[in-house]
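Chain naming follows the written order as A, B, C and D, and within any one chain the residues start at number 1.
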C-alpha cells in the first residue's frame, strides 16, 4: 500500500492547479453536505438537479477523492465499483434474448442485453470527463487502480471498465501528433524530462541538444489533455545508421545540417501515462513520424531505430548458467583463460549480469577450477567488471556475443508463445513492420547498457515500402524479417 | 429512396475536399483491387498488414462509399451491418455467466459476455475515426442510415451501434464552447446560415446584425470536426425582456452598448448535425452560455428565451374543432360577430391554422350559420387571414388566445405521458430548469409565426439560482414552474 | 468642403469601436477641461505629467477631433500645423553649420540643423501612434488632409510631414504578406468587398468564387493595423494565359484543380488606404506573391496579369478627333460605311468614348456627310453603342484597334516625360520589371471595359528570370520590353 | 578593438539561423561578384534592377558583414558612413531657404533642406529592414557601432543616424506588451536567463520560481523582432511591501495564492538590447504593467519596487574619506570602538566599498590610531567584511546608514544637475512618477548588495492616482516626493 501512497502524491501534484476549480464547482452543489461518498455517487448518477448539477457533483467527488489518504481512496474505489449492473435486469435480458425470434427481435434483444450489462459505474466514470482536467483525473485514477486492484475482483472489474472507456476515448483517431522543439513551452519540456526513461535527460542543455537543429521529437496528445504528452519519440538526423547512443547524445558533437542527413534514427520511445498502460499508440507513432519526415526532408532515405536489447543480458546469463555449449569453442575459452589469469578473474559478484554468471560458475572461492568448461570460462570472464575495456579479450568476445545476440533476437521465443520474439522491444518493432537490421558492439556503454545487454544495441529498420510485408511475415506467418548479414550470423558457428 | 439520393448529395459536398486525401490513402493499399466491399471490410477488421494498412483500407472504403449511388450505399450499409457478433460465442458466454460462482468469476464472465456482444461492425466503424474527416464521415453516415433504415432490422441494429459510438465520442465532456462573431471565418458563418432554421438568415447583413455589438452567438464544437458547429444559440443583449422577434432581428434598430444591457435573450437554438439526432447537448449549451455571460457582463441580471410555441396553433385548432366551450364566452363571440359581419367572414380556407378551423366551422357555403356557437365564431374569425390587423377584433381575441396558450403550456400533456408538457420546446426548457415566464402577443408576426402559434411567443426564464430547483420540480415531481402571472392566467376564466 | 464632410463619415465609421477606449483615456487627463485645442497640443508636446499622461492627452485630442464637424477639423489641422520648427533656432543652426570646420564639427552641426528642422508637429503626430488604433487614425487623418489642404501652404506642410512619417513606418520591411481566403474573418472579407475597385465584387458568392480552390488573394498588412489590408492582389490559377476577365469571374465556370494549372493570372490589384497615397508597396506585392506561388505550386510556369488599359479609350478618341490618318485605310472605312449605312449610324452621342468621337465627326445633324474621311467614319462607328456585337464590322475593327493599342502602349509617352509610358497601369508593371505580352480582344466587355478601352485588355508577363533585366531596360534605358508579336504589331501598317 | 571582436561573436550567434536565408538571397544578385563593398552599397542605393534586387543586395551586404573580422567590419562601417549628404546640394538648399518669401515658399524650402540633409546612408540602413531578421541585424550593428565609434566623427555620425532611425521604429506605439510565464517557449526563457543582470537567474528552477503562481514577468517586444524581449520586468505578488530580495527569490518559500496578495513588487527591470541604448521604454513598461495588474487582480492595492541603490556605497565611501562629520556622533563611534577592538578591526582592504574606506582610514599599518575621529572609526568598521553579522555593531550602524542613505536619495544631486537625483535608479523611478517610500535594512545581503549599498534596498511606490502629480513635482519643480517617514529621517540628526 505504500506505493499507492507514493502515487497519491503524483496524482495530487498533477492536478493541483485544477483543485480550486473543482472546489468552486463542489461548493455550488446544493445540499447533501452530509452525504456519504456512495450517496453522492448515487445522486450524481441520478442526474438530480440536472446535468450541470451532476457535473458539479462529479467535481465534488473528484475533490473529495484527492483529499483522501491511501486507505480512504481504496474505499472510494470500492464504493464506485459497487455500482455494478443489476443482476435481475441481466437475467431478464438474457431470458429475452433466448426467446427472441427473427433477426429484428434478436437485434433488439442483444441491444437490451448490452445495456443491461453496462454497469452504472461506467456512466459515473464518464461524468468525470465533463469537469476541468477530468480526463487527466481518470487517467491518474486508473494508474492508482492498477496498483490498488491486486487480486480484488471488484476493483479489477472497475479497472477493466475504466480501461475500456479510456481505450475508446484514446483511440488513435482522436490523437494529435505534434512536434516538440526548443520553442515549445517550458512547462511541456519539463514533462519530457520527467517522462524520458530510456536515456535519461540530465540537464536542460542535454534537453536542448535533443530538440534543436539535427534532432527532432514528436509526441501524441489528446485534445482533452492538451499539455500532457501520451508517448513521444526522439529522432536524430544523421549520416549513415547510428551505432552508438553515447555519440548520439554527445552535446559537443558537431551539429549536422538536416539537409545533409540521409538517415533518421529513432533512439528513444517513451510512454508517459501509466494510467494508459495496455492502450497502445506506439505502433502508429513511428509510422506517422516516418511519413512526416519523408514529406519534409526529401534527403532522408533510411529510417531505423537504435534500440536497447533489454532481455539479452538476462537470457545470456541463464544460458551461461545452463552451460549452453554453442556459446563458445574450447579454443576461444583457452585464449580467454590465458589473457585473464585466475588471480584477476575472481569476480566480486555484481548485480545483474554478474549475479547469474557467478551462480553459473558455481564456486566462488578461488581462481578457475581445474576443469573449467569453456562456458564456465566465458561466464567467469563476463562477470568481471570492465572486461570490455580489455582490448584483447574484447576482440575474442565480440563475435561470440554478437552471434549469441543474433540468435536471441531471431530464434528465441517468449514463454509459451513460439511465434513471439522473446525480447519485448524486438517484438514491438517486428509487430510494427520493422526488420532486425544490425547489431552494434559498444552501442551503449553506460552502466545500464552493459548490465542489460553487455553494451550491445540493435538497429531495427523501417523500410516504408515493406512495412506491410514485414508485418505480415511476423504477425501472420511467425517469421522474423532480418538483414541477410544478421540471418547469416544467427546460423553461423 | 429519393430522399436518400438527396442526402447523398449533402454527404458528398461536405466531404468533397477530403476525398483526394482518401484517394491517396486508398491507393496505398497493396493488392485487393478486385476485392468485394465485404472482403475489404474483412481485411480491414483483420488488421492485415498492420494498423496503417487498416487505416488506408478504411479510407478506401470511405472513398468507395462516396462513389456509390443510393442503392449501392444501402448495399454497403447492409454488408457492414452483417458483421454482427458471433452467435456461438454469445451462447457460450451466456452459458459461462450462468455457471460463474463468486464475485470474481461473475465479473470475469460479465466482461466476457460484454465482449461477445460487441459486434465487429462497431470496430469497423471505429476505424473510420482515424482517417481525415472520418468523424464527419460517420456523422453523415448516420444521417443517411436514419433515412435508409426504415423497418430494416439489420440496418436499425447498425444504426443503434453507431449512435452508441457517437454518443460516447460526443459526450459533452469532449465538446468545446466557442463564440462565433463577425471575426469568425466566412466558411464557418456560411454554415450558420445553412443551419439556422428557427429564424432564417436572409442576407449577410442580417447575419452580421446577429453577431456584432449587442448580439452574441455560441456553439459547441468537437475537436475532431473543428469547422462544424454541432449546435448553436443566438443571444441578444437588451434592456428588459424582449417581446418581439421582429424587433430583435430588425437590422435598422439602434445598437445597444452591451454594458447598458440588463437581459440576455436566447432567441434561436439550432441543432446542426442530423447525424447526431438523439444525442443531446442543448441542455448544457444554454447553461454554459449563462455562466459565460454572467462572468463577462456583470450588468446582465436576467437570462431568458424568446421562444416559439410550435404546437399551439395545431392544438388550438383541434380544440376549436372539438368545440371546447372554455375558449370563449357568448358575449365575446357576439362582439366578434358584430365586428366581422358574415359577408367578410367567409374564409378562403387556408393551410395550417385555417384548415382545422374551417373544418370545425363545418359549412363552407355562406355567411355565419343561423345558430353559430361561440366557439364556431371564434374558429371562423381565426381562420381569416389578417384578423390580427383588425384592431377592435384583436382587442377581443388577445385575452382569449393568451389564456388558451397559458393552459396549453401549463396543463396540456404529451400523449400518454402525463408529466411531460405537450409543447416540445416547453418540454426542452422545463427539463433544463427554466420556468415559463411570460406570453407575448404579436411576438412573431411572420407568416410562420402566425400559422404556428397565432403570433404568440413565450419567454422561458433561466434563473441561475433556481435552475436545479425548477429542474427537480419538473423532472422529479411533474409540476411546471411558471411565473405567478401565468399561473393565474391559466387558472382564470 | 462637402467632400470632406463625406470623408469625415468614413473616418468616424472606421474608428467607431475605439472611441470608447479613447474616451476612457481622455477622462484620465487631470485638469485642463477648459483648454483650447492648441493648449492641449502644447501640453501633450511638453509631456506634462509624464508619458502616460501624454498618451491620454493624445487620446483626448483624437476623441475631440472626431467630435468636430468639417470646419472644426480644418481648424484643428491648422492648429496642429502651427507647431512648426523655431525660426531663430533654425537660423542659428544654419549659422553654426556655416562656421563648422573639420568633419567632426560639420557632422555635429548637420545633426543640429536636422533637429532644428524637425517641426514639433511631427512629434505630436508620433504621439498618436501610442493610442489604440492610433495608426489607423493617422492614416485617415492624412486622407482628410489630402482633401482639405488644397493650396493652403500650412496644411500642405503638415501633409508633407505626415507623409514622411507614414512612409517611414510603412516601409515594406514592416509589412506582412498574408493570404486571404474563405477561412479569413468575415470582418476582413467585408473590407475586401469595400476596397475592390477594379472589378467590383457584387455578391458574397462572387467573393467566395475569388477566394476558393483555383483562386488566391494576398494582401500586405501592417502590424499596427492588423485588420486593415493595405493593398491586395487577386490571382487566378488557370491553364494558358487568361484572355477575358468575364470568363475569369464567371461563378459557374468549372473549378480547376490548382495542381493542374500552369499559369497564375493577377487580375486585380487594389490600394485600400487613401491616406497612404504616394507610399507604394505594389511593386513588392506582385513579386512576393510570385515567389510564394513558385514555392508552393511547382506546376505554375507563367506569371502574368490580365490588366485594364485605362487611358486607351481617351487617347484613341483624341486621335480620332485629331484625324490621325494612321488609324485606318480608305478601303477599310469604305467597308465599314457599307456595313453600317447612314440611317443607323447616327449616333446618340454617348458619354465617354462616344463623346469625343461625336465631336470629331463634327456635324450631328444627319447621316454620314458627303466627304467623310476614313477617320471620321471610324469615329462614327466607334461612337455607336454595340458596334462590337455586329460581327462583320467587328472583324474589320479588331485589327485596327489592336494595332492602335499596341502603339499606345509601346510608343506613347506621358506628357513631358518621354521615357514614361502614357498608360499608368503600363507604367506600373513596366517599372516592376514586367513586359507587355499580349492584347486581348473582348477582354473586358463590361460597360466600364468598353468605355475605357473598347473592351481590350492586356497581359503583362512577369518572367522571374528576367524581371531585373526588364526593369533596367525600362527604368534605366527608357525602352519598353514587349513580346515579339506585339512589337511587330506596333510597327505594322 | 578586442572588445569589438568579442561582440562580433555575439552578433554572429544571434543571427546564425538567418544567414542561410541571406546566403540564398545574396546568390540571387545578378552580376557584381567582384564589386567592392562600397560599390555594392552604391548599387543597393540606386535600386538597380528594382526593389527586390535591392533587397537581395542588402542581404548580400549583411552576409558579407558577418563574414568580416573586427577590422573588416570597421572598414565596412566607414564605407557606409561615407554615404553622407551632398555638400553642394546642402548649400543650395540653405541658399534657397534664405531667399524664400512667404509661408508657402518657406515651407517648401524647409522640406527641400530636410531632404538635402538626409544622408543616403540612412536610406541604406533602412533597406536592411526588409531582409529577414534585418531589424535584429540593425540593432546588433548599432551595438557594435557604439563600441567601435570612439572619437571617430564619421562613425559617430553614422551612429547618430542609426539611433534616430531605431528611435522612430521602436517608438512605444509599436511595441507589444506580453506576459512571459512557464508556458512560454524555452527558447525565449533562455534569453531571459541571459539578459537578467540585476539578480542573476542561477538555475531553471530559480527561473520557474520567477514565472509561476505568485510571480509575473512582462516584456516589451517589437513585431519585427518577435522572439527578442526588449526590456522585461519581474513582479512578485505578496502581502505587504517586500523588504528583502533574498526572501523574494527563495525557491523554498511557500507559494501565495495571487488572490490573497495585496501588493505587487517590481524587483527587477532589465534592458536586453545594447543596440537600443538611449532609446527608452522602461517608463512605459512599469505603468502599463500596473494597469494590467489593476485590471486582473482587484485585490492588489499597492504597487512598489524593491530596488537596488547602486550609487550609495560609492558615495558614502567618498563621504567617509572626506570626513563628513554629519555621519556619526562621537558617542556612537565610541561604542563601536569598544565592540570592535583594534586587533580585529584591521581591515584586509577589500574591493569596492572597502577600498575607499581604507583610504579614508588613512594608515593601514596597525590598530586604530591614537586620535581616530568618529568618521574614521565608522570607515574602519564598514571596511570590515561581515560587520553586518555582528549584532551589537549592526544595531549601532543601522540608524546611521539608513539616515545617510535617506540623505543620499533625497538631497544629493547628479554632478552639475541640481534637480536630478544622484542615484540613477532613483532618477529613473522619480522621473516615472514614483515616490521614495521606504528603506530596507538587509534588503540585499548578497556579496553584490553589500558592496553596492551596504545591503540596503529601497521601495519606490507607484501610486496610480498620483503618478502625474509626482512626475510633475520631480520633473517640473525639482522636488523629490517621498514618504513622510523618509523625509523626517533625512532631516534628522
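One rule holds for everything that comes next: a contact is a pair of C-beta atoms (placed from the backbone, for glycine too) under 8 Å apart; a residue touches a chain by one contact, two chains touch by 3 or more.
Per UniProt, the chains are A, B, C, D = Malonyl-CoA decarboxylase.
Keep in mind that what you see is a predicted model, and the values were worked out from it rather than measured.
K.L.:
Between subunit C (Malonyl-CoA decarboxylase) and subunit D (Malonyl-CoA decarboxylase), which partner chains are common?
P.N.:
Under the touch definition, subunit C (Malonyl-CoA decarboxylase) and subunit D (Malonyl-CoA decarboxylase) have no mutual neighbours whatsoever.
K.L.:
Measuring between mean CA coordinates, which chain is farthest from subunit A (Malonyl-CoA decarboxylase)?
P.N.:
Result for max centroid distance from subunit A (Malonyl-CoA decarboxylase) is chain C.
K.L.:
For subunit B (Malonyl-CoA decarboxylase) versus subunit D (Malonyl-CoA decarboxylase), what separation do you get between their C-alpha means, in angstrom?
P.N.:
63
K.L.:
So the centre of each chain is just the mean of its C-alpha atoms; given that, what is the distance between subunit A (Malonyl-CoA decarboxylase) and subunit D (Malonyl-CoA decarboxylase) in Å?
P.N.:
Their C-alpha centroids are separated by 51 Å.
K.L.:
Would you kindly tell me how far, in whole Å, the mean C-alpha position of subunit B (Malonyl-CoA decarboxylase) lies from that of subunit A (Malonyl-CoA decarboxylase)?
P.N.:
Each chain reduced to its C-alpha mean, subunit A (Malonyl-CoA decarboxylase) and subunit B (Malonyl-CoA decarboxylase) end up 46 Å apart.
K.L.:
Which residues does subunit D (Malonyl-CoA decarboxylase) have that touch at least 2 chains other than itself?
P.N.:
none
K.L.:
State the interface residues of subunit B (Malonyl-CoA decarboxylase) toward subunit A (Malonyl-CoA decarboxylase) in the complex, per the touch definition above.
P.N.:
Per the stated touch rule, the residues are 30, 48-53, 85, 90, 94, 97, 102-104, 107-108, 110-111, 113-114, 117, 126, 128-131, 134-135, 153-154, 156-157, 160, 168-169, 171-174, 223-224, 283-284, 287, 431-433, 467-469, 471-472, 475-476.
K.L.:
How about subunit D (Malonyl-CoA decarboxylase): which of its residues touch subunit A (Malonyl-CoA decarboxylase) in the complex?
P.N.:
So the residues of subunit D (Malonyl-CoA decarboxylase) touching subunit A (Malonyl-CoA decarboxylase) come out as 182-190, 204, 207-208.
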